[in-house]
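In the two complexes below, subunit A is the common chain; its partner is subunit B in one and subunit C in the other.
On to the complex of A and B.
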C-alpha cells in the first residue's frame, strides 16, 4: 500500500493526456491539492475529536482564566471554532471529495477506459487513508456499519428498485431466485465447509487456524459468498451487457440479501452455543421465508400508502418527491427493525409505488425524484468505495497466507461450479436458454463488495477471536473481485463477443429485411401470447385496472391514464417541435437522387451484376443510417445502463413511433401554413394516395383535398377546434379500431386516429390556428403530465 | 396446459388441423385458449378490434400489416382454423419429417418467406415496388431520417436486389437477397416447438 501511495502523487504532475486544456489541468491540480488538504484536515479534526477534546477544553479554560486574570479579554473578532461544526464539515468534505473524484476521472479518459471507476475510487480511499496515517493520526472509522447500512446503502437500493425494469425482472424471476437462494446457499456452505476442512488439515505446529471451528467458518462463508449489488452495478454499467444478463446478476445480488441476513443471524446465534440441531435448521428455513416475504410485504404496504398519499398531493406539488423518499426510507427502517430484509423491502416499495405515483404526481416532481435518486445513489456509491479504501488502510489486519488464498480460490471455484450447475437445471425450464457465454458473465460478474465488509465489521470480537483474519480475508476477496475481475471483465466480454459473432458485411437488403422479420416475429409472438405465462399476469392486470387503480390514482387519470399520459407526451413534443420549427430542422445532407440514374447508366452488363459504384462514403453512410435508425425490437439485445436514465425500449418505441407520425403531419402542416395561410381548412383528411404522395415529399400535394371521411388516416390535429381535446383523442383512439374494419390497410398504422366525420367543419383560417396553438401550448405547459417526460414511461403492469 | 383431452372436443376439426399444420395437441389447445382469450365477445371468430386489443401490437411498426395478414381478401373475421393456419407458418421447422406430412408444410422456408413477402407487398401484385418499400422503411426508421435519405436507401436496396431491372423486387429476388439469413431462426416462435 505504501508503495502505491508513493507512486500516486507523481501522476498528476506528468501530463496525462495529449491536448489537455489549461482549465482541465487546473482542475486536476485542484483535485490533488484538495485530496492533500483533506488528508490534513481530517487529522486536525481527529485531533480535536472528543477523545482529546476534554484536554483541549481544560487547556482553553486555563488559558482563558490566565488571560482573564491579567487583562480584560479582548473581544474575539475572528475565532476558530472547529469543534462547533466538526461533524457536518467532515461529512461535507467527504461528499465533496467523492464528487470531485467523479469529475476528475473523466478528465483522464485513458485511465477511465481501462480501470473501472470503482477501482479508482478505492485507490483514492487508500490514498486518503494513507495520508491520514502518515500524518500520524487515527483514521476515522468511516465504514461504520451503522453509517453504511442506514445512510449509504438505502439510496443505491432505492434507485435500483424504483427504476427496476419490472417486466424483465418478472420474466426471469424464477432464474433470479434460483441463483439468489440456491446459489448463495451453495456458495456459503461450500466455502465455509471447505475452509474448515483446510484449516483442520493444516500442518501441525500450533496453528492458529486449528482453533477455527465449523460454525465460524460457515458464518464467514455466508458473509463472503453474497454477491454485492453496489459492486455489480458499478462494474456492469461500464461494460454495457444486454439487459437479460444485467437483470440476472443484479437481481440475484438484490435478492440474496434475505439469504445472507438469515444465514448471518443463524450462524452468529449458534456460534456461541457451538452446535446446530435439525430443529435449528428448520427454524432457519422458516426464518428465511419470514425474512424475505416479510420484507416484501412491509415494502409493499409502504408503497401502497405512498401511492395513496400521492393521490391527494395535487395541491402541494412541491413536497411530492419527499413522500417517495421518506416512505421508502421508512420501509427500509421498519424492515430492519424486525430483522427482515431491508433491501427487499426497499425494492418492493419502490416497484409497487412507482406506477401509481407516476400517474399522480406532476411532471416536475417526477423529474425531481429521478434526479435526486440518481444523484444520491451516485454519491453513495462513490463514498462507499472511497471508505472501503480508507478502512483498508485503517483496519487491524491479521494476514494469514493460507486462509486468505484459500478463501479467494474457493470463492471463484464455488461461484463457477454453482453457476454451471444451476444453469444446467434452470435451462430445463427456460425458454430462452442461457448460453455458455452468459454463464461465464454471470459467474465472472459475481463481485463482492462493501456489504460483506460491513457484515464482517459487525462481528463481535469476543465471540470471534479470528475477526481480524476474517476482515483481512474479506477485504482481499473484495479487492480481488473488484480490481481483477472488474478490470478484466470488459476485455473478456469483448473477446468472447468477437469470437462468437462472425459479422460479415450484410447487404442493405439483409439489414432491412432482417429487421422487418424481427418486427414480424415480435408481432406474432405478441398475438400468440407471451411465453404462456399470461394467465395470472392478465388476471393481475385486470385486478389492477379494476380496483387498485381506482383507489390509488387521482380522479379521471385512473381510467385510461396510459393513453392520456401518452397524449400529454405527444402534446409536449408537438409544442416543442412547433417552437423549434421556426428555425427549420437541421438534417444531415443527402446525396441528390440525380446521381443515381447517371451511375446506373454507366454500370456494367447485367450478367456480371456490378452494382453501380456509389462513392464509398455514401454506401457507408447509408449503412450507418440504417444501423442506427432501424427501430429495434424490444428484445433482450438492448444494452442496459443504469445511469443513462433510459428505460424500457417499449416506451421509447412508442414515443418515437408517435413522433414519426407527428413528423409526417408536421412537415405537411408547415408547408401548408406557409403557403395557404388564409384559405384552406386546417386539417383535411387525406386519402392513402395523398399519403403516398406525401412520402415522395412533393409539396404540391398538400392542397387540401376534401375526400371521403371514411378513409382511414393518420391524423393528429394540432389546431383542433374543440378544447376538450383529450376526450376527443381518446374517442378517436377507440374509434380507430372501428374504422379499420371498413378499409384495407394502406399504410403501417399501428395507432390510427381519424377525425370524427362531420365534427370538424371548415375552420377559421390562420389566426384561429395560431390561437389554438397558443392555447394548447399554455395548456400543456401548465398541465401536470407526469409521463410527459420522454424517457421514463412504464405500462402499469407490463 | 395440462388440461385433459376432453377440451379438444371444443375445437372444431382438431384432427384435421393438427395434420395440416403439424401442431401437437398441446399446442393446439394452447392456441385455442389464446384464441378464446382474444375473442372477447365470444363470437367464435376474431375481428381486427380483437387483434388491436393486444397492446403491444400498436407499437409495432408493422403491426397493422400483421393484423391485416390474418384477414384474407375481403374477409372481416378470422375463425380458429385460419388463425392456426397463419400461425403455422411460424412453427419451427421439423428436424425430421414424418411420413404423411404434407409435402410443402406451412412452416417450410419458402412458405415463411412468402408470408413475409406478402406483408411487404400490400397491393398483391407479386412485386415489392419502390413505394411499398418506402412505406415499410418509413415505418421502421427512427424520426431523424429525412425523406431524401429514405429515398436513397430504398433506391440502393432495390438496386442491390433487383436482378431483372424492373425496378421492383419479385419474390425470387427477395428470397435470393435473404439466402444468407437463417430464416428458420428468424421466423420461428421459440415456444411453439
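On to the complex of A and C.
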C-alpha cells in the first residue's frame, strides 16, 4: 500500500517551452553564434580553393613556398590545413545547422504553431545566404542539381514509399493516376501555352519577352506544373488531414514524376530544333509508358531481390537494415541511369519489399529502419529548404514583372480548373464521390518545391537564354505556394471543418472486421457476377499467399495468416509494455534469475528508453505470462457463456432464467471466497462444485493442458504490414500499455466475478500501478485464488 | 432465356426501384443474374448459391449465403430463416451494399450506416438473440482463419477472447464487480466500428456486371 503511494503517475516528459529557462537561453545563444560561425567559415572554406586567394590561404602559400625553397624551418607544432577536410567539414556544418534549426523552432512554440516549418527553414536559408553575401564572399552552389537528385531527394522518397499506406493507395489508384497524369499534362500545356500568348501580346516596345519561343514556354510550363512531394509532405504532415485527401495529393505528387521527366526531356530535346511533329508526340507517349512502367518494374525487381536477401539474414541481424537502404538506393540509381522515373522506382521498391522484409527481420532491425529513414528524410527535407533559401540569395535573378505575375496567376488558375474538371469526370467512376470541400483542399494543396527549381537549374544557359528569368519565376512560385498556401492551409482546414485524421489505434476488432468485410464484399461481388475491385484484390492476395510468401519469407512465418500475425504483434507490444512498467519483475521462482523488485522498478524508466533489451529467456517467460493471462480470461469468459449454464435461452421463462443466473453467480462467489480464505488448493476440475460453477482464474486447473504445443514459437520478429507508421513508438507502447492496464482492470472488474470489494475507485489508466501488476502476475502463476490478494487491507466480506 | 423474358415487366421494376433504391438498369442486370443463378426458376435456393465456383474459396461463404436467407435482412422486422427467396428479396438483401448518394443529409447518412451495420451484426448473431456472444464471435474468427493451413485452435480462441475484452472495455467502461458481460449488443457493435466509415466502405459497384462471364 505504501509502495503504491510512492508510485508517481507516469506522465510524458514535457519541456516547458513557454518560459525561457537557462538551458533554453543557452541553446538560443548557441544557435545565434552558430549561424554567424557558419556565415564566416563557409566563405573561408570557399576561399581556400586555389582560384581565390584570401588571407586564410596565405599561410598555406607561405608554407608551400618555404618548402619549395628547401630551407630548414621550425617544425610546425600546430598547423592549419583546412583544405584537407574542407568538403566533409562543410557538409557536416550544413547538416548541423539544419538539425539545430529544427531544435530551435520548437523552443518558440507560438511561432511553429502559426508558420509551417518549411517557411521558417527557407527564411533561415535566406538569412544564411544573406550573411555569406554580406561577408563579401560568393555563396557556395549548394543546390547543385546532382547533389539534390542523388543525395537529398532519395531519402525522402524512400521514407514515403516504405511507409506508404498501400491499401488506401491502391483503392484510390485510378483517381491518383488521373490527377497525376492528366492533371499535370493539362497544367503544363495550359501554363505554357497561355504564357506564350501573353508574352507575344506584350506592348510592342522591343520586349525581351518576344524572343521567347513556344517550346521553351512549354518546357517552363512542364517544370513549374508538377506538384512537389517534399513540399506537400512538409505541409500536410502538420495539418493532419484525413487519409483520403492526404493520399490523393501525396500520391499525385509522387506519380507525376514520370510525366514531368518525359515532358522535360521531350521539350528540352526539341527546343533546339524549334518544332515538334506528331511523330515526336507519339514517341513522347510511348516514352511516358516506358518511363513509368519501366521505373516501377525496376523498383519491383530490386524490392523482390531485397526481400529474398532478407530471408537469409537471420544470422547477421546487424546488417539487415543496410539491405533495405542499399537495394532501394540502387533501384533509384538504376532507374536514373536509364532515364526512367527514379521516384517511381523507389516507391515501388519500398512498397514491394516491405511486407516480406518486415516478416523476416528482427524487431530491432525494424526499429532501426524506421528511425533511420525518418532521420534521413527529416534532415534531407530541412537541408532542401535551407538550400532553397540560400540559392535564392545567390542565383542571378532577372526579374520581369509581367512574366512572374502571369506565371503565378496561371499556376493557380490552371490548378483550380484542372481539379474541378477532373473531379467531375472521376466522380462518375468513384463509389465515394469527392465533395467540393475535398476539391478545394486538393487544389489548394498543389504546392511546388525544390524539384521544380532543380530542374530549372539544370537548363543549359546557351539553349535557353531566358534561364534566369525562368529561375526567378520558379522561385517566386515556390515561395508563393509554400508561404502563402502553406501558412493559410491550416486555418482553412479548420474553417471548412474538413475531416481530420483519426488517431487510429489499431485494435484487434478492427482487424477482424477489415478482413471480414473484405471477404464479404468479395463474396457479394461473386454472387453478383461482377469481377470488380474486391475480386481481383482477393485473387492477388491468394496468389501472394500461395506462392510469393513461401519464396520470400523465411521459415514458419510464411504460412502465418495476417490476423494471427497482427495478434502476435499486439501481444509482443503488450509484453514489452509490461516489462517496462516493471511488471515483469516478480517472475515465479522457477526462473533462475530473479531481480530485486526495487531495482527493477527504479531502472524501468519508461519515458526515456525506447525498447528494453529483452534476453530470449525472459521473452519466453513474458510470453507465458501473457498467454496464461489470456487463458485465464478465456476460462472466465467460458464460464460466462450462457450456454454452459443451465437453461435453454429459447424457453419461455426468460426472466426466471436470468434470476437463476444471478443466484448462480452469488453461489459461485461464495464458493470462491471460501476457497480463498481456507488456503486449500483449488478443488480439482471435476469436483461437483467446480463443474457446476466453473470457477475461473485457476491456473492449476488447466496447467495440465498441453498448451505449450499450441503456443506459437517465440519470435523477436515483427510481422504484419499493418503496423502503424508513426515514429512515436513510445506513445504506441504507452497507449498499448494503458489499454492493457485498462483491460486488465476491466478484466478484473467486469468479466470476472470476485468478492465485491467496495473499494474500486475510479481507475485512471495512466496510473502506474506496477505494484498491482506485479501482484497480478504472481497471482497468475502461483496463487490459486483470484484477485482478492491485492486488497489485503480490506475486510473480508461475503 | 427466351425473348419473352428479355423484356422485363416495366411496372414491377419501377415498383422495385422505388422500394430498394436501385435504378432500372441495375435491376435489369441483377434480374439477369438472378435468373442465371437460379436456372431460370422463380426462386433461389442455398444450393444455387453454393454452386458458384468463385465463392468456394471464400472463408465466410456459409455466412454470406445464410445472410441471403435470413429474414431479418428483408426489412420486414421478422426473424427466422427461409429456404428459398424470390427476386424481390434478393434485391432487398443486395440493396444493403448500395453506395449512398452524393448529396444526402447527415441523418440519412446515419440511417444508411445503421442499416449496413445491422446487416453485419445479423451475420454474426446467428442465433437471433440480439447479442453476439463469445461463442459466436469465436466462430467468426475461426471461420476467418479456416483457410490457413496452420490453424491453431488456441490462437483463434485467444484472438476472439482478446477482441471481446476490447469490446467490453470500450463499451462498458467501468464495470461493477458483479456485472456480467452478456455479449455485444447492437449499440456496442456500432460504437466499436465507429471509425470504420461503413457507409463508404461497404459498397460494391452494381452496374457493370458482366453476365456473360459467369459460372455454369
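In the analysis below, the second predicted complex is superposed on the first by the 489 of 798 C-alpha atoms of A that agree within 3 Å, B and C clash if a C-alpha of one lies under 4 Å from a C-alpha of the other, contacts with A are read in each partner's own complex, and residues count from 1 in each chain.
Going forward, contacts are C-beta pairs under 8 Å (C-beta built on N, C-alpha and C of every residue); 3 or more make two chains touch, one makes a residue touch a chain.
If you're wondering where the values come from, they're calculated on a predicted model, not measured in any experiment.
Participant: Tell me the contact category for A:432 with respect to subunit B and subunit C: first, second, both or neither.
Facilitator: both
Participant: Should A:512 be classified as contacting the first partner (subunit B), the second (subunit C), both, or neither?
Facilitator: In the superposition, A:512 touches subunit B and subunit C alike.
Participant: By the touch definition at the top of the document, which applies to A:542: first (subunit B), second (subunit C), both, or neither?
Facilitator: After superposing on A, A:542 lies in contact with subunit C but is clear of subunit B.
Participant: Just checking: does A:151 make contact with subunit B only, subunit C only, both, or neither of them? Give me first, second, both or neither.
Facilitator: neither
Participant: Look at A:520 in the shared chain and tell me whether it touches subunit B only, subunit C only, both, or neither; answer first, second, both or neither.
Facilitator: Both partners, subunit B and subunit C.
Participant: Just checking: does A:484 make contact with subunit B only, subunit C only, both, or neither of them? Give me first, second, both or neither.
Facilitator: neither
Participant: Just to be sure I read the superposition right, which of the two partners does A:91 touch: subunit B = first, subunit C = second, or both, or neither?
Facilitator: It touches nothing on subunit B or subunit C.
Participant: Once the structures are superposed on A, label A:528 by its partner contacts, choosing first (subunit B), second (subunit C), both or neither.
Facilitator: In the superposition, A:528 contacts both subunit B and subunit C.
Participant: Hey, what residues of subunit A end up touching subunit B and subunit C alike?
Facilitator: Common interface on subunit A, subunit B vs subunit C: 431-432, 504, 507-510, 512-513, 515-517, 519-529, 531-532, 534, 630-631, 634, 746-747, 749-751.
Participant: Using the touch definition from the top, list the residues of subunit A that touch subunit B in their complex.
Facilitator: Where subunit A meets subunit B, its residues are 431-432, 504, 506-510, 512-529, 531-532, 534, 538, 587-588, 590-593, 596, 600, 606, 609, 611-612, 614, 618-619, 622, 625-626, 628-631, 634, 650, 653-654, 656-657, 659-660, 663-664, 692, 695-697, 736-738, 740-741, 744-752, 795.
Participant: Under the touch definition given earlier, write down the residues of subunit A that touch subunit C in their complex.
Facilitator: 427, 431-433, 435, 502, 504, 507-510, 512-513, 515-517, 519-535, 542, 559-561, 563-564, 567, 570, 627, 630-631, 633-634, 637-638, 640-643, 649, 661, 665, 669, 707, 710-712, 739, 742-743, 746-747, 749-751, 753-754, 756-757, 760, 762-763
Participant: In the complex of these two chains, what residues of subunit B are touching subunit A?
Facilitator: 1, 30-31, 34, 37-38, 47-49, 51-52, 54-68, 76, 87, 90, 116, 119-120, 122, 131, 133-153, 155-157, 159-161, 163, 165, 174, 177-178, 180-181, 183, 186-192
Participant: Inside the complex, what are the residues of subunit C that reach subunit A?
Facilitator: Per the stated touch rule, the residues are 30, 33, 36-37, 49, 52, 54-55, 57-61, 64, 68, 94, 97, 99, 102, 120, 123, 127, 129, 133-135, 140-141, 144-145, 147-150, 152-155, 157-159, 161-169, 172, 174-182, 192-193, 195-196, 200-206, 208-211, 213-214.
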